[in-house]
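Next come the structures, one after another.
Two complexes come next, and they have one chain in common, chain A, joined by chain B in the first and chain C in the second.
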Partner chain A sequence: MRIQLALFASLTQYLPETENGNRLSAHAQLVDLPDGMTVGQVIDRLGLPDEPRIVFVNNRHAPDEYVLDEGERLAVFPPVAGG
Partner chain B sequence: MPVPHTHPVPAAEEYRDLRAKLGHKRIGIVGCGGLGSNAAWMLVRSGIGSLVLADHDLVEESNLDRQFFFRDQIGLPKTEALATNLTRIDPAVRLELFQAHIDEQNFAEIFSGIDLLIEAVDSAHDKAMLVAVSSELLPGVPIVSASGLAGYGSTNDIITRHLMGNLWMVGDLVSEVSAEHPLFASRVCVAAGHEAHMAIRILLGYPEA
Partner chain C sequence: MRTILRVNMSDLSITKEPLPDKWANYGGRALTDALVFTEVPADADPLGPDNKLVIAPGLLGGTTAPNGGRLSVGAKSPLTLGIKESNSGGQVAHSLARIGIAAIIVEGAPADAAARYVLEIGPDGEATLVRHDELAGLGNYATVDELTKGFAEEGRYSTMTNGPAGEMLLPGAGIAVSDPNGYPNRFAGRGGLGAVMGAKGLKAVVVNDAGDAYLEHTDKDAFNAAVKKFAAALREHPVSGTGLPTYGTNVLANIINEAGGYPTRNFSSGQFEGVDGISGETMREITVKRGGNVKHGCHTGCVIQCSRYYVHEDGSYWTKGPEYESAWSLGADCGIGDMDSVAALDRECGDLGIDTIEMGATLAVYMESGKLAFGDGPGALSVLKEIRKGTELGKIIASGAEATGKAFGVTRIPVVKHQAMPAYDPRPIQGIGVTYATSTMGADHTAGYSITANVLAVGGTVDPLKSEGQAELSKNLQIATAMLDSLGLCIFVAFPVLDIPAAFEAIGEMVTAHTGKTWGADELMQLGKEVLTYERLFNTHAGFTAADDRLPAYFYTEKLPPHNVVFTVSDEELDAVFDFVPATAAGMGIS
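Up next is the complex of A and B:
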């Protein structure tokens, strides 16, 4: 399956190497993944650090167990402390 | 000698209409520290009619360098002290106070029916948890959050982004609070101003960051 992957702020460096045609913006690109992968499995595969993160699929929060489907958009943002 | 106006001044009637619209809005604020206490007074001065304020902490002396409290309020619950100060600005503002740590167990009960949520907590874990919980339990309610406002970096690096879905994010995204990067009132208030103003824009129908 092919999904859109957006990794923000310090996570942008974890975007996989890709051809230019798959790059959507500075922090987003198209990626090909095995069918049936969950959000948690994609995060493990990318090697994202074990830190707090905001995870949305198709513009709404999704838990690690969420099974991704063709064409969906997975976005991950790492908040930092301070308030 | 009078100084000529260089900007068009909105007609009094238009200004009244905008404030009347905001007067019917109810905003939830999680966290009444540097971000939340300062965003709250900006919203009250702007005419927001109702605020739901939640924080489990008491006012401490160390808060006075950036939070909207005063020395004689040390030891009071932050929600109570903030309510006193906001009511001095506008006695008619409607305030609902919850001295509690907000989590998935009590979120919906406290914040159901709000028009918009401002995330104003300190820890990264709580920021992520609140965005997730609000998105799940109050789908469609806009969330204005903040990340990256510590230290002495330029305030020009603090911007508002429409990040994804119903989530707007304020900050430089990377400046985490630490011993080397403490919280300065000036930079925290810039972020609080961004949060308050994005909330106002969304509620007036201008969701572009």
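Up next is the complex of A and C:
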């Protein structure tokens, strides 16, 4: 399956190497993954640091157990705040 | 002994009074509220002699309490027409507290409206009013340059200055407060308090606290232990310890955009396609490349260090690193996705002395009228420059989003109690909608920052798209924030306080050791309730009703993409947010 993967702030450096054309923005790109992967499995595969994080799928908060589907957008943030 | 400095602009007298015993436990927002509630008639003309500008450091101001140097500025607001406490960073709170000043009350009005006065306060607390008509019309940066020529060699000083917008009595005007390097780039921005200062003929306050030490404590050892405990929690929490110091407040741009709540082009979408150009990550990258400072505190004793300077290509100072709210209002809300354009607008607002949130929202409303295209950064700067010229357009713009919308026939005006909404759309983030609707301050995110549990997973989680739990979340945050604002603590300490029990304990321990009176959780929350009670009662006396505690009608009917939702928290839930006020008022003996 192909999904949009977006990693922000200190996590941006974990975006995998990609071919030209797959990069969507400074923080997001298209990635191909085996069908049926969960959010948690993608995070493990990327090697993200083991610390609290905020996860969105399609602009809504999602748990690590969420099973991703073709065309969905996964976005991961480290703990951030401000205002 | 803490004292009140009373400055009468009608007869130019200055008197010192002891802080009344009944307010011995008040500082910051609690003290500005108590004084405005007690001394300003609720029906006073905000720009008339009966209104009073009250300036107060928090109860922990002047101590080594981490992040304890916030300043409260209060008055009846010429923008909202209700009570206002505008909270600022910068160095003035510590300066005042160290010389024993609990509050400055500026009252009356000068006989000569063209006169410009500077209130100079020396290290011993001695204050004088000096006439400086030559400062009339100067921007905040030039004003500080002129004022501090004589002080720079004498040691520590800090300033509050009023720019041209405030001198013109325009309700979007704010008051600039100097940072530790003397730049007038921190703001008591919201609610038009610059116009109140202008109506008093007060161009600036200069505080010279050279040689004064931090304040004494009832129990020094206990205080220092609590400080250590509190600082450790601030450093331990990933938000205050890592995220904020690295990227600044604008680290929020991408996550609020991801959540679909980043108001774009006058609140017509919840996502901005140009967010990459104005995000905290991009701002850091540009600033580092140009050699700018990317991490400092807005006042001494700040452990979090979320401030930064935005610099020109040659590395010279341009403006403060635009905060999230400013980068959003002058950026996404106007469809502008370029950091240098945002910086130019931020600098102009800072020098004019005008609230960046109100101005960005105003420019977006003006753009919606068709007078200017969304995305036109140079055009937006030209419009802001009309303010300094004092043209009719400039005066309408500096009067805020509602005035501008009415003048140019725009019906979608995102305000509550006449004050523009900040950088979160209340439809997909319903908790912040409760705060916007009910806050005594008008639409204000800081009053009860429900973004914590709605989006950031701090202090638990509450689904932002649903109405359930939002009123209770906002209520508790509004009480806690009123408490922090009264102690003089930066509200960013709330992120660790909501997650780390020791951080909350340490606040009570610091206040207990400082004052000698026992402060536990109940006393701290009671303080917050008393603050909100003063504010609610003042607003009721000023004519506010439940109808004022609502969002504009279109937020209940027009769906916001991408989530395509409207605001759904019921009127009954909104009306229950301040259910504690009657009992609290009875206990305080006020009505």
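Some notes on this structure:
In this text, the second predicted complex is superposed on the first by the 79 of 83 C-alpha atoms of A that agree within 3 Å, B and C clash if a C-alpha of one lies under 4 Å from a C-alpha of the other, contacts with A are read in each partner's own complex, and residues count from 1 in each chain.
Throughout what follows, a contact is a pair of C-beta atoms (placed from the backbone, for glycine too) under 8 Å apart; a residue touches a chain by one contact, two chains touch by 3 or more.
Computed from a prediction, not measured in an experiment: that's the story for all the values here.
In the superposition on chain A, A:6 contacts both chain B and chain C.
When the two structures are aligned on the shared chain, A:82 is found in touch with chain B and with chain C. When the two complexes are overlaid on their common chain A, residue A:26 makes contact with chain C while staying clear of chain B. Using the contact criterion defined above for the overlaid structures, shared-chain residue A:60 touches chain B and also reaches chain C.
Contact with both chain B and chain C is seen for A:51 once the two complexes are overlaid on the shared chain. Counting contacts as defined above, chain A residues 6, 8-10, 51-52, 54, 56, 59-61, 75, 77-83 meet chain B in one complex and chain C in the other. Put simply, chain C touches chain A in their complex at residues 237-239, 242-244, 246-252, 254-255, 258-260, 271, 276, 279-282, 306, 323-325, 445-446, 449, 451-452, 455-458, 461, 463, 465, 491-492, 495, 562-563. Residue ranges of chain A in contact with chain B, taken from their complex: 6, 8-10, 51-56, 58-61, 75, 77-83. If you check the complex, the residues on chain A that touch chain C are 6, 8-10, 12, 25-27, 51-52, 54, 56, 59-61, 75, 77-83.
Across the complex, chain B meets chain A through its residues 31, 33-36, 120-125, 127-129, 131-132, 135-136, 139, 145-150, 163-167, 169, 173-177, 183, 188.
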